[in-house]
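The structure appears right after this line, and notes come after that.
Per-chain numbering from 1; labels A, B, C and D assigned in written order.
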């Protein structure tokens, strides 16, 4: 989880620049709250616009931040000049995402030159800061040369 | 795919009422464009707010409509008085979601009293109406008694 | 599903030679019963040695033939000199695998130079030849240069 | 991972009795090497009969022990009189399973009355006891009343 050596010393700036171009993260109101080589944490605040029919975060929001957290964990280990694409993901939804905040912790499990396997765990954070495990995901990220971020 | 007999004759009204309460679908600009027992199609128009860093639909959008299409395909077969929750999903992203429109086709594969296994295929629809296969997903939906929709 | 053009005209011989080296397929008693570019069918006969605790085929057998059928469907489209490895798979088990025979139908969904996304559906075949849908799977296969088959 | 309270004080005997009825585990040569509430470890020794075409453990073997380890981790927490079935699983294969031994560590992530979400990690154990991470899996197990084990 830790101990990864980034191949690009400017990995942090590169991740932040790419994230800033993901308009969908802005639409959801997502912030980067943790960024180390191979480990990226994202946070999203509850808003009515993100609800499913029972008043919780929509599963699509949960998956979206799980995906972006893992994608940027992978990108942080790619060399400069490579962008990242999600190849596939699978996620188990464990508990209702009641909020009022969710955090996704994206972690590289197995880095590779081309494929990068990641895990993402999403937690719902209550007013009193207690955490509930909302979802756990496995994802495969692909490095694509010449893609910008 | 076809030939499912709904246990609730008012399934269509129930699906539409629940969908209308999914604020997140409104946020994404998603419409129901097909609704039969065990088969729901959703459509989303491209918008800058839905972009990932390379200008395509964010994978989170693709997964969100794949999830909702499958969820409502399952709900259409549940008896009245049961709501639907996503238990798990897995998705392979096949081609870039360039748009300007995407359609998700949610189909029940195996209905059950409690668990309902679904497939969802997402297509990108070009200006000339040609289709590109963007993603294919398998999902497990859970029926929850007493949940509203 | 059909209409794939193999890059190696000797694809059939290459698939059969590789399959013959999979001792585990011999252990399970699996046969190739269909082989076209991008489409491979495998069949396995019920045996006590393959049982789980309730007397059906063990899920591991179901997954094993789903995996090999998809792997060889992918290999049939790879150029000569490339072997195939499973990168990831996900499978939903739909009905008990009662047998006395199971057939896995591996199909390429999206061929690629490096990654090949496949589907595999497994059916239980009764004495009267009626079929029950046992499992549906999505898989990613990787082409590895220099690997033999 | 730890700290689960079994609902059946005889969980260990029940798991071992069910495992003994899984003939397929005998066929593979699998042993239980760890058994606590919500945590089961299985071990398999390399044999030619378990090979894929490049001489490693076949992915089907890896998935089979990942599945059984998780299934018995789940069963250890079910009440007496309930059996366990795999509903779905997904697995990422990370490194070649060279052996000469593999261990699967099945762990309950989220126990439930009906559904039990588990993780399984598989390691290849070399002659010098060094471990390589072969695979990581997420699985959903279903409790079925009246099923024997």
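Worth pointing out:
FYI, contacts are C-beta pairs under 8 Å (C-beta built on N, C-alpha and C of every residue); 3 or more make two chains touch, one makes a residue touch a chain.
Every value quoted in this text rests on a predicted model; they were computed, and no experiment measured them.
Between the contact lists of chain B and chain D, the overlap consists of A, C. Ranking all chains by how far their C-alpha centres lie from the centre of chain D, first place goes to B.
Each chain gets a centre from the mean of its Cα atoms; for chain A and chain D, those two points are 29 Å apart. The distance from the centre of chain A to the centre of chain B, each centre being the mean of the chain's C-alpha atoms, comes to 22 Å. Looking at chain B, one finds that residues 87-88, 90, 92, 117, 138, 140 touch two or more other chains. Only residues 87-88, 90, 114-115, 117, 138, 140, 142 of chain C touch chain A when the two sit together in their complex. Every residue of chain C that touches chain D in the complex is listed here, in rising order: 18-19, 21-28, 48-54, 58-61, 63-65, 67-68, 83, 85-93, 147-149.
By the touch criterion stated above, chain B contacts chain C in their complex at residues 90, 92, 94-95, 109-110, 117, 119, 133, 136-138, 140.
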